[in-house]
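Structure first, commentary second.
All chains are identified by letter, namely A, B, C and D, in their written order; residue positions are counted from 1 within each chain.
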Amino acid sequence: MIRFNNDYNRGAHPAILEALAATNGESYSGYGTDQWCQAAAEEIKKHLDRPQAAVHFLVGGTQVNFTAIAAALRPFQGVVCADSGHIHVHETGAVENTGHKILALPATDGKITARQIMEAGRSYVVSTVREHITQPKLVYISFPTEYGTVYTRQELEDIRSVCDVYGMYLFVDGARMAYGLAASDATLADFARLADMFTVGGTKCGALFGEALVIANPELQPDFRSYMKQNGAMLAKGWLLGLQFYTLFKDGLYFDIGRGAVEKAMRLRAACERKGIGFYIESPTNQQFVILENDVIRALEQKYCFEFESEIDDHRSCVRFCTSWASTEAEIAALMEDIDSL
Amino acid sequence: MIRFNNDYNRGAHPAILEALAATNGESYSGYGTDQWCQAAAEEIKKHLDRPQAAVHFLVGGTQVNFTAIAAALRPFQGVVCADSGHIHVHETGAVENTGHKILALPATDGKITARQIMEAGRSYVVSTVREHITQPKLVYISFPTEYGTVYTRQELEDIRSVCDVYGMYLFVDGARMAYGLAASDATLADFARLADMFTVGGTKCGALFGEALVIANPELQPDFRSYMKQNGAMLAKGWLLGLQFYTLFKDGLYFDIGRGAVEKAMRLRAACERKGIGFYIESPTNQQFVILENDVIRALEQKYCFEFESEIDDHRSCVRFCTSWASTEAEIAALMEDIDSL
Amino acid sequence: MIRFNNDYNRGAHPAILEALAATNGESYSGYGTDQWCQAAAEEIKKHLDRPQAAVHFLVGGTQVNFTAIAAALRPFQGVVCADSGHIHVHETGAVENTGHKILALPATDGKITARQIMEAGRSYVVSTVREHITQPKLVYISFPTEYGTVYTRQELEDIRSVCDVYGMYLFVDGARMAYGLAASDATLADFARLADMFTVGGTKCGALFGEALVIANPELQPDFRSYMKQNGAMLAKGWLLGLQFYTLFKDGLYFDIGRGAVEKAMRLRAACERKGIGFYIESPTNQQFVILENDVIRALEQKYCFEFESEIDDHRSCVRFCTSWASTEAEIAALMEDIDSL
Amino acid sequence: MIRFNNDYNRGAHPAILEALAATNGESYSGYGTDQWCQAAAEEIKKHLDRPQAAVHFLVGGTQVNFTAIAAALRPFQGVVCADSGHIHVHETGAVENTGHKILALPATDGKITARQIMEAGRSYVVSTVREHITQPKLVYISFPTEYGTVYTRQELEDIRSVCDVYGMYLFVDGARMAYGLAASDATLADFARLADMFTVGGTKCGALFGEALVIANPELQPDFRSYMKQNGAMLAKGWLLGLQFYTLFKDGLYFDIGRGAVEKAMRLRAACERKGIGFYIESPTNQQFVILENDVIRALEQKYCFEFESEIDDHRSCVRFCTSWASTEAEIAALMEDIDSL
């Protein structure tokens, strides 16, 4: 079986495993106070143009999302988010479990707009019963979104402007950041400039595991390590995270991984287009949402793993193909050939 | 100013104040372990046909809602509720503050249907990634709803059937129960039979304050007093609650209050209809959502308090008039006259 | 039975009931935005010498404790408190239920010292693993304590100094404030000057129910009403609270109540001393912890309600007698006579 | 520098890294639904004699502690634990952050006794104000304890008996389980028989990271994966955990690691005894708490890392030396020689 079902079904980029093997005999101080975490933070910060940014390394995506949100908000404050947002639909209510309401806005292609956020902010400010409602204090967006789409730099600027007007924080979930950067004009420096916090995902972008959290807003930096520890997000052998991110960033490997996977996805996409296969959503990144006849799906399932998304009609469904840092040329070629011969 | 802005803008029915005065010199054991709480529970249970039901007396509506929900659910379980539901839009995220996600369904006239609930239940059961999503475990409905509408007995039966299929609890927020009972074929005994828990509101129905919570499902009864205390919902002088509910129920005063206010609301409603005034929603209870010209609104505001709800168009708005246990014949007559003379 | 078992076993001081009856026909705006709450706040603030203080009215003691603490703290911060403190031993873990750890210090006569608090503060500051431990951020003391003892003004000054050194908030639980003020040189103005927040208890001091929370520290004032609503602590008919506190404070009734009950307690105390009856703790307030022979206890139980506290040895126990605003001369005389004739 | 400061300062046992390298090209299904997790669970269960036990793999110690406790308890229930317990003093209030109070008992050598637990259970059951206090529902013990001591099988049996009487769960934190098993007559099968849940620590016992949680009590098994996901404890590439535990258990490596480190610790201990060096606590496991002259400490610090624990008097302190799976013969020999030559 060839797996296109997601971007986290294999171990790590070989460079990561080599780094782990090379340092296995060394001993380090614990909990992220080691030299690799420091070096990794410095490598990441080279891309940020934000000297005062803090960088922390956590283990997983759900974990970093709820830990950062819980650290930023007061109990009566909530999160504005797309109704397709990962924290809203796929994290078992982890944010609510920390006490915070999610105010879900209807998404278009997985995205929400500055205008929608403005309306959420405005409706609180003008309310005469503010103490009866949740304050929309933090905006959560995914980059790329759960549907593979990306925000442009201009869209991010607009969202930032609204956040400034209403005193909201902007948090960007970059679990698939590498793939998003390869498909948008937004850069890490843009995120450091426009977001209060954002993540640079490792798990889905070549690491064994790990998410880097950049806290650009100094107001949100104090005591963040206490929140990490309290939420089980401080790895005892923290250098395992630092070492991985150092490896991903010291020579630009992270960006290469993103570009490579997106380029492969675009070739699959082109193959589909050539055959007149439709798309559920126009995604410029490594996730492709394709509409196929159900019998084609059944045929492809003999050889490929991919994810069922939804029924379109009686005889067609939407399925997702993901490329990743681990997708090989041979795998792509096989799938393209099979698409061509449909 | 004549207040039609809500149903909790005056003290208590005179019978309540008399009862408080008559017992003020007596001393009682604290925290609801007194004879009045016991007597009140017995009076309420006469209407329930459910000998094993437990009745507790709490102070306020938000309090009883989140305390009961927190007592019923495990951390990964959430609440299915109308998107207009009080707990979703008007309680400062109190339910989420206890850790539970609200799964909001689009309401029609303030109500949700058995079919909608079924779909919520089904989508969890058939999910292949159940551990990634919130379990819809408790259905919250308001009776009457925030828009004054009521569920019929048949609708409640249908919702109960769906709850049985998916192992969900049914919780009915009866903050305005007296008014709902006067406008639906559903009775307290129906709620005791069909709901796992429901409230019988006092604050908006003639008491100084207080909500009775009926826990019909024995599974949800153990240790409920611990949840009350933990959530600040156990009044030290608990007999003040028992005494009020005893007074409301011993001779059917509670039902009289409901009928009286609804009858007055229906007269106002008829007056509007006679003048061709439209309604935002068809409410058979004490809340009437009326569409008026903005200059009519400004004129009426000189003499009456009522609540602005929303803009309809450039020159018309929806406003709410509430009758209550405290509305006098003179007040109703004045407003009817002013409507007639529009 | 004559009840000395606690100070909340009867309704309200007659002046309170009269005020409720006199205003029962009036209508008010809800949720504490009425004129009585404003007037009551002004009356209380006349004693504070702290113009910028905010005053809120909540229903009960546990409720005001956890709501104020949850509003003040970040998730990794905890409460320093005597191991006999009400929040630690008698509120069903309500503070922990809001997510905050209590760091209990061994109490002496129900009190903790500035030195103990200093050590708690210091041990955090000097820790090399701060992110692994709870920050002691708020000091909770009861005035009077659960054992009826009081802090002197000097002790409060010392505690404040330590709080200043370590950036801690001082919260004073004044559920029995009236009785404490009658027995200490500390005044309400001292609390407004030395504490960040403190309560002025109504439930145990003559009101039907209600606790006034004074937030002296402006840093803790914003959005407090949102915390109240979220925690079910915002009474719909908020004027019922304002009216009661206005009644208690407009002519100094609150202080009279405290002095009267303490004076009665001192007479009981003197009667015990005359008979050589020992005390478990030297309390200068309305709670007296007396050591009696078990057969004396059994005899007194025929006529009086009082609270068993603990076994002293095989034939003696400690019991608590409480006077209150409601204790009559006749009740005191009866008990004194029965003590004399032991 | 030679590190004896803790047992998690180096990567992983070489066998673990080899296994990771060997499988890095394979693709697996995510979130612990892979074959390695299944195989690892089976290997662990071979030692349990408890076919119905469930085994889950989580990332870290704090995480598994609070996730398991939050899954087991209702909001008004708390944890009985030694006042030196890791969850009480070293996890930033993580358990309280999930809403649960810790009822700390004074420890002797890091341990609590069945008698102490019985008293905690009894005092709740006999209380006449149960709803005002936290129910002691779960007993947390560490094996070995934070001071390196172990419970004997008989002690565990006694604690189990008390738990049965009062309906309490027993949770054993086995972060250093390998070292404890090497020093006690208790076996994994004993824990599976006597505890409701226990952990088998990987992080400190040879893995890169990871803790296995055994849920022996079927009552606590349902929906545990939902709790994992909600608390950020479900690793996307879950097979990384399964593979590690499979490697540790398939040939008994886990037990070898424990025995080897304890044997080395005992040689260090003997060297100390030969020199008349005292111990702060008699520990039979890999942590040794040694009392040294301060100038000896300063001398040893030139060459070794170890942990300062506490001042004993003006010229002596207690320090901790830890051996681990990674301690080499050369390191032990060097330290023994330096001790001998003191």
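Here, contacts are C-beta pairs under 8 Å (C-beta built on N, C-alpha and C of every residue); 3 or more make two chains touch, one makes a residue touch a chain.
Worth saying up front: this structure is predicted, and the values here are computed from it rather than measured.
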Q. When C-D is set beside A-D, which has more C-beta pairs in contact?
A. A-D
Q) Which chain's mean C-alpha position is the greatest distance from chain D's? A) B
**Q.** Computed distance of Cα centres, chain C from chain A, in Å
**A.** 50
Q: Let me have the rounded angstrom distance from the C-alpha centre of chain C over to the C-alpha centre of chain D, please.
A: 42
Q: Could you put a whole-Å number on the gap between the CA centroids of chain A and chain D?
A: 34
**Q.** chain D, residues touching no fewer than two other chains
**A.** 75-76, 91-93, 97-99, 131-132, 226, 229-230, 234
Q) Touching chain D in the complex: which residues of chain B? A) 31, 70-71, 74-76, 98-99, 130-132, 135, 223, 225-230, 234
Q.
For a test of understanding, state which residues of chain B touch chain C in their complex under the given definition.
A. 1, 3, 6, 8-12, 14, 17, 20-21, 23-30, 59-64, 66-67, 91-94, 97, 203-204, 208-209, 226, 229-237, 240, 305, 326
Q: Would you mind writing out the residues of chain A in touch with chain B in their complex?
A: 75-76, 78, 89-93, 96-102, 104, 129, 131-134
